[in-house]
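First chain written, first letter: the chains are A, B, C and D, and each begins at residue 1.
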Amino acid sequence: MPLLEVNSLRVDYPTSRGTVHAVENVSFSLEKGKKLGIAGESGSGKSTLGLSLIRLVPHPGIIVGGCIKIDGTDIVKLSNHEIRAIRGKKVAYIFQDPMTSLNPVKRIGTHFVELIRTHEPTTTKEEAFKRTRSMLKNLGILPERINDYPHQFSGGMRQRIMIGLAIALNPALVIADEPTTALDVIVQAKILDLLEDLRKVYGMALILISHDLSILLERCDKIIVMYAGHMMEYANSTELYKNPKHPYTQGLLQSIPNIELEDQKLSAIPGSPPDMHNPPKGCRFWPRCSYATENCHLKEPPLIDVGNDHFVRCFLYGEKGAQQ
Amino acid sequence: MSEPKVKRSILAQLMPWLKSLARKGPSGWMVIAGIIIVLALVIMTAIGPWIAPYNPTATRVGPIRSPPSLQFPMGTNHLGQDMLSRILCGGSIMLQVSALSVVICFLIGVPIGLFSSYVGGKFDSAVSLVIDAIYAFPGLVIAIAIAAMLGPGVINMALSIAVVYIPSYFRVVRSQVLSIKELAYVEAARATGAKWHTILLRYIFPNVIPSIVVVVTINFADAILTAAGLTFIGLGVTYNIPDWGWDLTDGRAYLAAGAWWIILFPGIMIVLLALGFTFIGEGLSELQNPKLQR
Amino acid sequence: MSEIVKVEHLKKYFPVQKSFLEQLFTRKLSYVKAVDDVTFSIKKGEIFTLAGESGCGKTTTGRIILKLAKPTSGKIYFDGSDVTNLKGEKLRLIRRRMQMIFQDPYASLNPRMKIGDAVGHPLEIHGLAKGEEKKKMVLEVLEKVGLTPPYQFINLYPHQLSGGQRQRVALARSIILKPEFIVADEPVSMIDVSLRTTIIDLMLTLRKELGLTYLFITHDLAVAKYISDRIAIMYLGRIIELGSRATLFLKPMHPYTQALLSAIPVPNPERKRKPVELAGEVPSPINMPSGCRFHPRCPYQKDICRKKEPKLKEIEREHFVECFLYDV
Amino acid sequence: MGLRAFIITRIILTIPTLLLLLSMVFIIMRVLPGDPVSLHFEKKADPELMDSMRRQLGLDKPLWMQYIDYIGGLVDIGYFMQHGYPNLGKSMQTFEDVGGQIFSAFPATLELAIYSMMIASILGILLGVLASKSYNSVLDHLIRSFGTITYAIPVFFLGIVLQLIFGVYLRWLPTGLRLDPKIEPPATVTGLYTVDSLLEGNIFKFFESLKALILPSLTLGIILSGIFVRLTRINMLETLRLDFVTAARARGLRESTITYGYALRNAFLPILTMMGLQFAMLLGGAILTETTFSWPGLGRYIVQRISFRDYTAIQGAVVMFGLFVTIVSLVVDILYAYFDPRIRL
């Protein structure tokens, strides 16, 4: 049984200008200890997808369909109390901006102790503090700083603390949503290295959400490419890199500068991402696609199995959907 | 020829705005409700003298302190004046005082705020220090002190209220300018060689207006309440003009006798008028709050 | 090739705000040394890049060159003449010849100004064109930045455009005065990846057509490599390495440049990445380390690095490095 | 900087603020209106009588000397030690010390202010939290309407309505005065009747004075609670949307921890600041409330003096209000620093 199984997930945002279908028909699964990347530009629904996995879609968003099974339990159907027991304990989340993700009026140690004692009420305070100190050491932070407040740490340090809070209870899955976008490139590399080291030690599965396909290609086993709320392509990183099928993925790969290449020729995808209040009918990508046919305007393409564990949502590869 | 065109264009601009407000949910409806209340009361006061059944200042048009009846739907006061007529006409002083004080505050507070915060430095610090001191002071106490010195009258009342509310304008304008000043489009205008007054008037001021509108509505409501308060402690307009504030003050003497109608109706009118403006301000400020938009 | 911009020993120190009590007890003012003795020149027609992490002083340097901030000391030359202390009308004349593009496309346009007015306003400011003539020039320049058909855009407000379109409008506004020099401060970092190349290509096309020179400011070395002719790497207010694109990326010499390059993610799953060999994080610019300001993090630090401040030296032809490792 | 250093700094900084405030009162009260003595007599008195009064009150001196007298009187420690109140000049009406009159009226205002503030903050914060937790629901709209409507009610109108209901019709509560005139007030220690009667050990007097406090403090408290409701609600809403709240939810913390330990704990800081500023508004409302309920405090004192055009007394009362507000803002700033670790760097 896979650790995480998502089936035909749909998330809506009802707004005054009409309903936005932020995530539509997303299905995938993740095995224990594996690393999955979710790539997408602004408005692609990647963050909504990530948050819906712990049922924390921001107001007024709601999960309107599909199921999210963690170890076989569909969390969409759980009570508020039951889902709280999963958050932080079984599935942990790391947010984009470390500067704003910690409670400014609470000490660092309190954040940890509070977390440990919420999920493991039998742990004593002393025991929780002891565990916090050793965790800080693992994160490369002096244990003496346990009583400092968040504002006394740099951005990189705070993201280390966020990682520590995420892995403190040894969850089965960590979801990191743009964990290093707010940080400088050197800190970014070091944070991602730390996350990878700890992940290996604890044997967790990881979902890395990013707009930066380079990071995902470098660090994930499998990658989902999202566009305008739809899953456009789903494949192994190497397969995706060498053999991108969807015109959008192809365009994206051609627009990323690669520092190792000499005189690289970059090209852009024409047009701009759709207005999510009024997305194009049929395939969401057709207005920007050079291969678009009339069929693409009319019908939404199904997810097609092109073999080699590689799925793509495009009519170029047939008409019939795959059974996942 | 051109006038109806202008009118139509104002309406044409207003209607979509109201419609878009209505679509924005409770806060939008609040703004619309406020606008309707205020407009209704202003129109009522303007046509009051023509529709009032009796002369509002004529005494002994009916029995003294008669409870509401068919002939006098809101009863009469101790002078035998018809309360309904007085209610219909009694908003003019409050509206005058509040409108005048808003104009004074706007004309003084906004330019000082714009200029001081744009210039910055020591000048700005000094002006802010003085303004903050006034702001921290109990507003009604200052208004009472000034009104007591100046004596009664519409202009004096408006002036004393204005002194209290200039700091609100200054502070709102200043905090807005300080953040807008740092934005890239202001920097871009500077880099292009625009003169400081061009930047202030064309790049900064138009973006401060929404916040000023909120202050204006709150100022209106506060001015109405302050005017009522000044009247209540005997600093109001004393000559023979119907005024809700005065009726309310006057009616208090007959409270023990149970003459509730003399105080209730003017009181409700004051609440309604202030509420209209508060609704507009409260609704707009929630709609404009960038931290609640996501 | 002649130089269009030259800065010499540019410094910008911001005094640190202190509390009342601290002011009572200490006389000494402390400073954030945002820019600390920077010298370089930009040749006519080239794209010169200032790259570095946040807080390294690259944006402040750009703003000083455009006279949007006053330097604490140092000189700025534009087209051969000293513009450091220009004021009033003379400054306005210079401003016609240099422009700026900003990072955030959502903040760089006045939300209450229609696109046509925003783009045409510089013409009005300098009294160059009015009415129909202005409109014609606005349409022309909108067409040039790829907003077609241009008449559809002039009556829109910024919030009706996408991020990429806004950045085009900002470009249009900056080139309408036909400047010779443009400072582009992270112009693509807030734009979606799939659209970045269009903006970069547009900048390159405009350079060719209008004979522009760019000072390109970025934290993204991959983008810098794609666009620049020459690159200067900044660290804590100083240029620590400067060279042509080819030399800098093929043969980075300063340990910091090497670390920066090794940290950049490469879109290739088959490449094994090496861990970054750099201790700690960028120190606070208020308490600058003694000697070489990079030494506490440097894997090759020597005794001299702690004591003496290195100077930017030409190690090879047109390749400058500020490091004792290359002292002969 | 530690908390103690911050407190010392803040107290030192109060001195120039206070001086500025006193100067402003002087300008408004003394410079703007012209000659207070002729105002007092409405220009109808004998010029010689007016001259002698000017001499007696020191108003014949040049303005700058009057200013020095005014500030000098306030900082005259010797006078303060001797009389137990600062030198605020003499009343134009009774020729008594204004300082003495004000100091005997002040405790009534203080007591009213304390109880009103308690009602306003408890009611306001409670309702505000409730509204923010049920954002955009019927309950939220109801609470929001309460907050908006109370803001629009003149405080004395609410006072009169409450008097009418609970005093005139139901006859449950007294409609005025601090204590039934038939009852001897408790011996003055703090000047607050509820505290003094407890110190005396007299429960009966305590309940009587509490009964008298109910209507006035409820009136003022309800009016003020509207602002607290709106403020708490909006700050809670903003804070509940912040990243660290979402992050806390993602860690599975209990909703009560998130509401109180995360959202309210952070939203409380701006609320605290506004509480300090609202104290000024509360004092303004106290003037009207005291007039409505014949409450013998500073507000009623000022209103009575206005009818006599007793300029020295009005000035003294205004100075007293100013001092009070300054002290409150000092306390609020210190509390803020105590609650916000970021202030102490």
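Assume a contact is a pair of C-beta atoms (placed from the backbone, for glycine too) under 8 Å apart; a residue touches a chain by one contact, two chains touch by 3 or more.
Since the structure is predicted, the reported quantities are computational estimates derived from the model, not experimental observations.
Undergrad: Please report the minimal path length, in steps, between chain A and chain B on the chain touch graph.
TA: 1
Undergrad: Which chains, taken as a pair, are joined by the highest number of C-beta contacts?
TA: B-D
Undergrad: Taking each chain's centre as the mean position of its Cα atoms, how many Å separate chain B from chain C?
TA: Centre separation, chain B to chain C: 49 Å.
Undergrad: Between chain A and chain D, tell me the centre distance in angstrom, where each centre is the average of that chain's C-alpha atoms.
TA: 53
Undergrad: How many angstrom between the C-alpha centroids of chain C and chain A?
TA: Centre-to-centre distance between chain A and chain C: 32 Å.
Undergrad: Give me the residue numbers in chain A that touch at least two other chains, ranges are fine.
TA: Within chain A, residues 58-59 contact more than one other chain.
Undergrad: Can you list the chain B residues in contact with two or more other chains?
TA: 25, 294
Undergrad: Considering only the defined contacts, which chain C positions touch chain A in the complex?
TA: For chain C paired with chain A, touching residues are 53-54, 162-165, 192-198, 200-201, 219-223, 225-226, 249, 259-271, 273, 275-276, 278, 281-282.
Undergrad: Per the contact definition, I'd like the list of chain B residues that touch chain C in the complex.
TA: Contacts found on chain B: 183-185, 187-195, 198, 202-203, 206-207.
Undergrad: Touching residues of chain B toward chain D in the complex: what are they?
TA: 25-26, 30, 129-130, 133-142, 144-146, 148-150, 163, 221, 225, 228-229, 232-235, 248, 252, 255-256, 258, 260, 263-264, 267, 270-272, 274-275, 277-279, 282, 286, 289, 291-292, 294
Undergrad: Within the complex, which stretch of chain A touches chain C?
TA: Interface residues on chain A, with respect to chain C: 41-42, 154, 156-157, 184-190, 193, 211-215, 217-218, 237-238, 241, 248, 251-253, 255-260, 264, 266-270, 272-273.
Undergrad: Can you check the complex and tell me which residues of chain A touch chain D?
TA: Residue positions touching the partner: 54, 56, 58-59, 80, 84-89, 92-93, 95, 97, 100-106, 114-115, 118-119, 149, 151, 162, 165.
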